[in-house]
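Note that chain A is present in both complexes that follow, paired respectively with chain B and with chain C.
Let's turn to the complex of A and B:
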């Protein structure tokens, strides 16, 4: 099936710009006429992923494939990796610092939120190497 | 109610988005934790918060919110205001505290 691909660099040094890639994807999907409910699910899931990459992993890459009936998102970082994925998936569990919390994030809702708003989610992570999160959202 | 009524009720200063003041709104939420806004909010169109960084505007944008009210007399820096302008989001600032501001809007008919 035909798809449109996009790739974004997620700048890990710049908290202010976190969300740029998600905004761009949101705009594109809107222009393509994808339903507002689906657009919002994609925007939130990807935004949480982008924030995670910035606050935990010094940034990375977001690769996006848009198909007529769905979107596949790969969030790839070379951060510290996740030692215990089950624990990380638990709502309220967070390793974020007090500094991150003071910015309004780090409530331990990022990964559970990404799961909640996506139809499929896979996490591949190796400690010391990095993490890839795959998200699929059907329109 | 309209955003114009929110301005009046909260005795708020308009930081940007004056052209959208007649937009109708029905629900609001108050939080300083953007993670929670992303987790629990559904279709709310106003965000009341004491947090001032650009991610407040981005969170509102992702949630399709129309208006952000900064409480406790807080005002964000110009880049945050510029970002909101770009996104067509109204920014207001009120001296009232979060609890009081939410209470006033709630008792005047805004839902949660």
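Let's turn to the complex of A and C:
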């Protein structure tokens, strides 16, 4: 099926640039007339994903495919990888440094929120190689 | 009858077709067509940013003429808090009230007083906890329009109460009728600091013949008023608005008066856009209340003011310190929440959708992406659209071909 594709680099050095990728995705969804509830779910899930890549993986890539009935998001990084995915998915668990927590990030809600706001989520991770998070949100 | 409302019109002779206003417009609602700035009214939120930024004074805010006041037998002026910040050495708000009476109004009802009542009602609504947090203030009509146009996902956060000007009009009319003034004789005039309030009150009120009969401009009334005020020696104690209501004229005044600990206030077009964007990403979920003012510094920054907003803020702060009147409550005026709460939810605008059919919209968006690969992406504005993306969207929606100087150069 035809889809609209976006690809973004997520800058690993810059917290304030996180959210830039979700910005044009939100614009597109609104121009398509996707419901506000879905736009919001996409925005939060993507933002959390972008922040995760900044905190843990020095940035990465966001690839987005928008279909008439859903959005598929691939967040790909070459970071340290996740050793125990079940543990990482637990609300409140975080490996973020004290430094990052002092900025108000690293509360251990990133992955749980991404799961909460998406309909499907898959994590594919290899320690030392990187992580790909797949998110699907149906409209 | 369909009413075509405009807040800002163009003086074509003065417009030189520069791209300043187009660049500054927060909703991409301006195009340069045949060398003149054209407003796309279906995307305009009436914020006044184009009026503020136009170097040649070609953007003219629309408001009612002062002469309209004469066509009513019993007239009530509604001065906004920001009006009180416009005068040099004003140490008593009653000079302004006496001045308005001297101008010919039969009565003055301070919008600041209504603001205190709105605060009282909002406080009670906030205590009930059933509002979606953070609650977004709807006192600034340009912010409300912006949410309904571009941030639909935040519409359920809007505080569902009428803005102080409307409450002032409702209450003033109620009191005048109770006094025995025939309803048909009453003319209620809001004196506005900004085109956004002119527009929203015209749309809701004037065109439906509700409470407000006309909306005047603060800058238009200023010189007439100064003239009268200079002749007043000992003003009577007429004002009922206290420090809390006066504070509403500056950004932060509304949230301050709510007495909440966890709130955010911000003003200025770019800041408001930035904050709404972060909210839609879920970033401000800890805050209880968000007060947004489109104009820098709050209503004192509206383009129908005379004084610099920050000088006016300083004056209002000093004036407020002298005003010892405690905030008015709903009991004082025998009102309950139903007097304040919206009769109906405002409908979100669909102007930003590229097509009412999602598949068709997607096809168009794919075409937009295709065009964007060709366009230089430098957002120079020479084509008459604020960004390359905007130009691509315009071409896709209205047909035609790309019109780009950079593309021409390459050929």
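In the analysis below, the second predicted complex is superposed on the first by the 139 of 139 C-alpha atoms of A that agree within 3 Å, B and C clash if a C-alpha of one lies under 4 Å from a C-alpha of the other, contacts with A are read in each partner's own complex, and residues count from 1 in each chain.
We take it that a contact is a pair of C-beta atoms (placed from the backbone, for glycine too) under 8 Å apart; a residue touches a chain by one contact, two chains touch by 3 or more.
Since the structure is predicted, the reported quantities are computational estimates derived from the model, not experimental observations.
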(message) Looking at A:36, would you say it contacts chain B, chain C, both, or neither? Reply first, second, both or neither.
(response) both
(request) Pick one for A:47: touches chain B only (first), chain C only (second), both, or neither. (result) both
(request) Check the residue A:4 against both partner chains and state whether it touches chain B (first), chain C (second), both, or neither. (result) second
(message) I'd like to know which partner A:112 touches here: chain B for first, chain C for second, both or neither.
(response) first
(request) Tell me which partner A:23 touches in the superposition: chain B (first), chain C (second), both or neither. (result) both
(message) Can you give me the overlap between the chain B contact set and the chain C contact set on chain A?
(response) 19, 22-23, 26, 36, 40, 43-44, 47-48, 113
(request) State the interface residues of chain A toward chain B in the complex, per the touch definition above. (result) 15-16, 18-19, 22-23, 26, 36, 40, 43-44, 47-48, 51, 101, 103-110, 112-113, 116
(request) Can you check the complex and tell me which residues of chain B touch chain A? (result) 32-36, 38-39, 49, 51, 53-56, 58-59, 61-64, 79
(message) Per the contact definition, I'd like the list of chain A residues that touch chain C in the complex.
(response) 2, 4-5, 19, 22-23, 26, 28, 30-34, 36-37, 39-40, 43-44, 46-48, 66, 68, 113
(message) Per the contact definition, I'd like the list of chain C residues that touch chain A in the complex.
(response) 150, 152-156, 277-278, 280-283, 348, 350, 352-356, 358-359, 361-362, 365-366, 369, 393
